[in-house]
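In what comes next, subunit A is part of two complexes: it sits with subunit B in the first one and with subunit C in the second one.
Showing the complex of A and B:
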C-alpha cells in the first residue's frame, strides 16, 4: 500500500522474502480483506438465506459508493480532499438522466461519454480554482459543493429523467455466472482502465509525490499545479462514473446529493489512505466501502435498529483512525 | 467584494492590504451594507426596523454555529458535528417536554452534547485524529443515537417548548428578537475571551504553531478537549434557538447549517489553517450570508441559484483573503 514510501521495496531475493515484503506492504488491505471475509461468513451465519440475490443487491448498492470512494482516494493521495463529490455525482446523474429520457439507445452512448467528459471538466475546475486562488482545498471544494449542487437543481428540480436500457443492463443482473454481479465487473473494469495504468504512469507518481511532500516534489521538477488539476479532474471522472451508476441503477436522476461525500471520506480513511496525502491506493477504500455497507446490512438482518448501523459506522471510523494514528505515533517515536 | 489592491487613492495598496488583514471587519461591514443597499434598491420600502429584526432572528443560530467553527478553526481544526449536536439538543428537549419537563430536557441535552464534545476532543487532542474526520465520525454517532432515541420516544408526543419558541422566534416589542438576549452575552464572552484571556491566546498559539505552543508549556490536549466541549455546548444552544425559531424538532434540523457555518467563518476572515481570525468577523459573515440569502429569495431566484451564489461568494472572499495575507 505504501508504494510511494518505498521502505521495503529494496528487498529482492528469495521468493519468500518477496512474499513477506509484499504482505507487509499490503498489510492494511489484507487485514481489511480478512475483516470483510469474517463479516461475510458472519452474514451467512445469521442469515442462511444470504445467497445470490443478496450478493447482487450488495453489489448494486456498493457501486456508487465504491466509485465515490475511488474518487476521494485519488485527490486525498494528492494531498487534497474533495467535499464536492456528492454534488458532482448529483449533477452528472441528473444531466445523464435528463438527456437520456425518451432518446434512442445510441444517443445514450453519446450522453454517457459526454457526462464522463463533464465530470473531468468539473473536477478540473475544482483543481484549477484551488491552484489559481491558493485557497485551501477543503474550502474551495466545500464552496464548489454548493455550486455543483445548485447546478444540479437547475437541471432537474425533482427526481426525474430516464436511462438508456443498455446502461441499466450494464449494472443490473449477473454477468454470466450468477455469483458474479455485473456491477462488480463494471467496478473492476473502471478501476482497471483508469487506476491501474495511472498508478504506473509518471502522472500517477507525481500525484503521490505532491501528496507526500509538495516542496520536495516541486524541487524534483514536478509541476505541482498541473498535477493537482489532473488529480482533481480524475476525481471528477470517478465522480461522474459514480453519478452514472446512480442513474443506471435507479433509472432516474436525483438532484439532491446523497450522503456520498462524507461516506467517501470515511471509506478512504478506513481504506488506509492517509489524509496527509501520498499514501494508499484505490482498492483499500473499495474494501472499506464493502465493510461499511455489509455492517449496515447485518444490522438489518439482526433486526437491530438501522440507526445503530450509523452509530457503528461512526465508531468504526473513529476507532480505525485512532488506531492508525497510534501506530503512526509509535512509529515516529522509534 | 472589491479588494482594490491596485488603487492608490488616499491610501496605498499596502494600506488596503493591511486593513483587510488586520481589520477584516471594516471591509466586511462595507460588504454587508452593500448587500443591504442592494436589497433596499430591489425591494424599496422593505428594509426597515422590522425587516432587520427578522434578519437578526434568522442569523442568530447560524452565527452561533459559525462561532463553533471559528473557535475550532483558530486551532487549525473544524467541527462538522455541530449540525448533528444542535439537532440532537433541540430534539432532546422537545421529546422530554411532556414527561420530565423543560429543565430536565435542557440538562439532558447539554449533558449529551458534553459527552459528544468530550469524544471529539479526546480524539483530536489525545489521539491526534484529524478534526475533520473525528467530528464527522462523532456526527454519525450522534445522528444515529438521536434517531434511535426518536424511535424509542415516537409514542410520546413531542413539541417545541413554548419557552424556547418565545426565545427563538418572538421579538421584544415586536421588533428586537429575544434570541439576542442569549446571543449578545455569548458573543461578548467569546470575543473577550479570545482577546483577553490566556485560554483565548492559547487557541491562537496552538493554531499558529503547535510545536512552539507545546514547547512554551501549553498543554495542547487539555485546551483541545475543553475547546470541543465548548463547541458542542454552543452548538446545542444554537439547536435550542433553531428549534424555537422554526417550531420544528427533528434530528436533522440543523444539518443544512453546517456548511453555511463554515462559509460564514471563512468569509469572516478566520484562516482554516488556524492562528488568524476572530469572532466579530464571523458574526458579520453570518449576517452577510443571511441577507444575501433573503435577497435572492426576494428576487425570486430558486434555491439552486442561491446555492451557486453561496459557493461563489465563499471562493471569491477566500481568494481575496489569501491574496492579501500572502498565505498559501
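Showing the complex of A and C:
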C-alpha cells in the first residue's frame, strides 16, 4: 500500500468533464445546499429581524445535532446503525460537566481529552458486543442506549456541573467576522481533522467496503470484525464531541438524553447516506441537520402549532427520500 | 519428512466438512504440482466450492491437513490464505460495489501497474479506474477480479467457474492467460463445467463425487469420458434421442389452437419483431446468442415487463399481463436460470414448492396442510429432489434448487412452462433429469418454451426451435435438422452454406458471441455503442 497508487491516473478527462462528473457525484449534497439557501431566504422573508444573532443562535443549537448526525453517518456507512448516540452524548456530557465543575482551566483540557477517549471506548464496546455476540446492531445499540443512559444518571441525578470557560468560549460567539459563528468553525475543524483523512485512508475504505458488501470485503482481505469495531468507536468519538458541545453551549451536563438519536437517523437519511450502507458521507447529514432545524424555526416564526411542525418534518423526510430515489431510478433507466 | 511432499506446491488431504446433517466434504484430497493447471471437477453438490473456500480460509474444515510448499498451515481468513500464496477468484466478484476500481485495488493492496498489465492481457486495457464497480457489467467485474488476483502473483490461483459469465473473446483471453501459467513455478486450480476448456488448458484433473476425491486423471484428448464416468459414479440413462420422431409428431393440423402465440412482439430496441406459436404437447426451443432480445421476450411472456408493441394470445384470445400474477393465472409459469430470482432462500423446500399453489387455491382462509403436504411430497418425489437440507433452500446445491423451482409449478399442475436456460451451471445428472421431466410435461400435453444456451439440448429435448437474432426470429428449425452447426449458423444469422467464424469452437452459444459484440459487452456500460450494432458479425451484411 502506498499513497502514490492514488496518483497513478489513467486517462484524464477534460476539466469540464471532470466538473460535470464531480457535480454528478455530489449532486445530492449540492441539492441539499440549494434547499438550505432557499430556506434561509424564506426565513429572512418571513422574519425581517433574522440577522447575525439569529445565525449565531442557529449555529449553536445545530452543533450537537450536527456532530450526532456525523456520528450516525459513520456507522450507517459501515452497514450498521447506532441507537445509543443520544445516551452516549448524555453520558459524556455529564462526565465532562461533573469533572470540570470548580476545577481549573488546565484541568479542563485533561477532562476534554479524557471524555473524547471515553467516547472512543463506549463506541468500541458497542461495536465489540455486536461483533462478538453477533446480535444485530439495532438490538445491541438499543440495549446499550439503556446502559449508557443509566450510567449518565448514576453520574448526575439532575442537570448540574459546570464547564471550563475556554470550552464555552470555543463555541460561543463569532469567530472574528460577526457572520461566522465559532460553533460552525469548530464543526468544520472536527470534520476536517477526523473525517477527511479517514475517508481517504484504508480504514475509511474498509468501512465503506463492509457497508457495501460484507462478503466481497471479507474476500478482498478486509477484517470485517475489526473494521466494524473501528466504525463504532468513531461513532462514539463523534458522540463524545457532540456531548462536549452540549456541555460547552449550556455550561452544565444533562443526564437525560435529548431527541438526538432519532434526529440523527433522520438527518442521515436526508443527507443521502443509504441505510443499506456503503454510500454517502458526513457532509450531507450535516446539511440535513441544518435543514431540519431551520424548518422547525420557520414553523415557530409562522407561529404554527409546534406539533404541526413535527408532522410536517416527518412528511418532508419521506418526500425528500422518495424524490431522491425517483431521480436515481430515472438515471439508472437511461 | 516425506520427500514427495516438497514436490507439490499445494497438498490437501483428508479434508472433511459438515454443515449440520449435511456432509459437504467427506474426505477430499488435492495435490497440485508447481507449474500445472489443475482442474477440479465434480457434479453440483460434489463439494468443489466448499473445498475452494476451505483452501482460501473462508471456511474452516472439520478435519484434514493443508500444506503449501511442504509447510503445513491453516488459514482463518482470505487475507491469511493470501499471505501464504493462495488466492481465489470466486463466482461472485469480490469487488466492493460502491467503491471505484482504484479504491478497490487499494483496499486489497494490489500493485496497480501489475494490475494494468494483466488487465491489458485480458483485453480490458481501456478500463477507466475511476468507474464505480456497481456500474460495470458482470463480465468486466470478473475480468477485473482476475487481473487483481494475477497482479499479486499468487503461488496458487483458484478460478471458480471463471468463464461462466464471459463472452467468447474474453473467455479466449482468459484461457490464454491461464494456459501461459503452465510450466512456471505457479499453479492454477481451474473449476469449470465446460469440458472443452478443461481439455484446452488443464494438465490434470481431480474429480470429486459426494464430498470425496474419486480420482485424479491426466487430461488428454480421450480423458473426457473417464472424467464424466468418475463424476457420475453410475451410468445415467441417456435421454432417448428420437428427435426425428418427435418432429413429425409435432406437426399439427391447421385447426389446433396454439397454447401461446406471439404476434410481432417488440420491446424498445432489444426486441424488434418476434412471432411464434407454441402448441400443447410440444417443447419449443429458443436459441440465440447473448443479448439478442431473449431476456426481454421471457420478461414479457412471464408478465414482468409490458411489450412496447405486438400481441400475445393464450388459447387464441388476446392477453395483457401487468404483473407476473396475471401470467400465472393465464397458466404461464416461469423457470429462471438464476434460482435466487425464484426462491425464498431462507424458507423450506416444502414452503417454496407450496407457495404458488397455496396463494392460488386458498386466496383467503386457512391452508389445508394435509393437501399441501401430499402435493409437496408428490413433487419432491417426481423430481427426485435431495431434500436432506430441506429446512432452508439456500443450503441445497444449485441443481437441487433448480429442481425446487420446477417442482413448485409441477405441484400445482402446469399448462405452459417458460424455461430460461434452466440447466445453466447444473451437473450432468440433474440436467438429464430435467430433460426427462420436460418431455414428460409435454407428453402430458403441457406446452414448454425452452431458451437454452447449450445447443445440444435442442435435439435432446425440443420438437423444434426458433432462432432469434437482433430481436427478430430468423429461423425455425425442426429438431431433426437442428444439429449444432445448423443452429449455430442460424444463431449468427448466416446462410446455411456460409462458413462459421474461425473463432467458434464447441461449447455453449454464449461462448460463441462474435468478437465485435463481445468488445461491447466487456466495455463499461456507459460507453457501449448504440444497440443497433450489437451482434453484427464482421462480413455479415449480406
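Methods note: the second predicted complex is superposed on the first by the 310 of 334 C-alpha atoms of A that agree within 3 Å, B and C clash if a C-alpha of one lies under 4 Å from a C-alpha of the other, contacts with A are read in each partner's own complex, and residues count from 1 in each chain.
We take it that a residue touches a chain if its C-beta (ideal position, glycine included) is under 8 Å from a C-beta of that chain, and two chains touch if they have at least 3 such contacts.
All figures in this text were calculated on a predicted structure; none of them were measured in a lab.
Chemist: Please indicate which partner A:134 is in contact with in the superposed arrangement: first for subunit B, second for subunit C, both, or neither.
Modeler: A:134 sits against subunit B, while subunit C stays out of touch.
Chemist: Looking at A:278, would you say it contacts subunit B, subunit C, both, or neither? Reply first, second, both or neither.
Modeler: Second partner only, subunit C.
Chemist: Between subunit B (first) and subunit C (second), which does A:213 come into contact with in this model arrangement: first, second, both, or neither?
Modeler: So A:213 only meets subunit C here.
Chemist: Contacts for A:242 in the overlay, against subunit B (first) and subunit C (second): which applies, first, second, both or neither?
Modeler: neither
Chemist: In the superposed arrangement, does A:187 touch subunit B (first), subunit C (second), both or neither?
Modeler: Neither partner.
Chemist: Which partner chains sit in contact with A:142 here, subunit B, subunit C, both or neither? Use first/second/both/neither.
Modeler: first
Chemist: So in the complex, the part of subunit B that touches subunit A is made up of which residues?
Modeler: Answer in residue numbers: 78, 119, 123, 127-130, 132-134, 136-141, 143-145, 147-148, 151, 259, 262-263, 266, 272-273, 302-312, 314-315, 318-319, 321-323, 327-328.
Chemist: Once bound in the complex, which stretches of subunit A touch subunit C?
Modeler: 1, 5-6, 8-11, 202, 205-206, 208-209, 211-213, 215-223, 278-279
Chemist: So in the complex, the part of subunit C that touches subunit A is made up of which residues?
Modeler: Residues 58, 77-79, 82, 88, 90, 92-99, 102-109, 112-113, 127-130 of subunit C touch subunit A in their complex.
Chemist: Which of the residues in subunit A come into contact with subunit B in the complex?
Modeler: Touching subunit B: residues 81, 129, 133-136, 138-140, 142-147, 149-154, 157, 262, 265-266, 269, 275, 305, 307-315, 317-318, 321-322, 325-326, 329 of subunit A.
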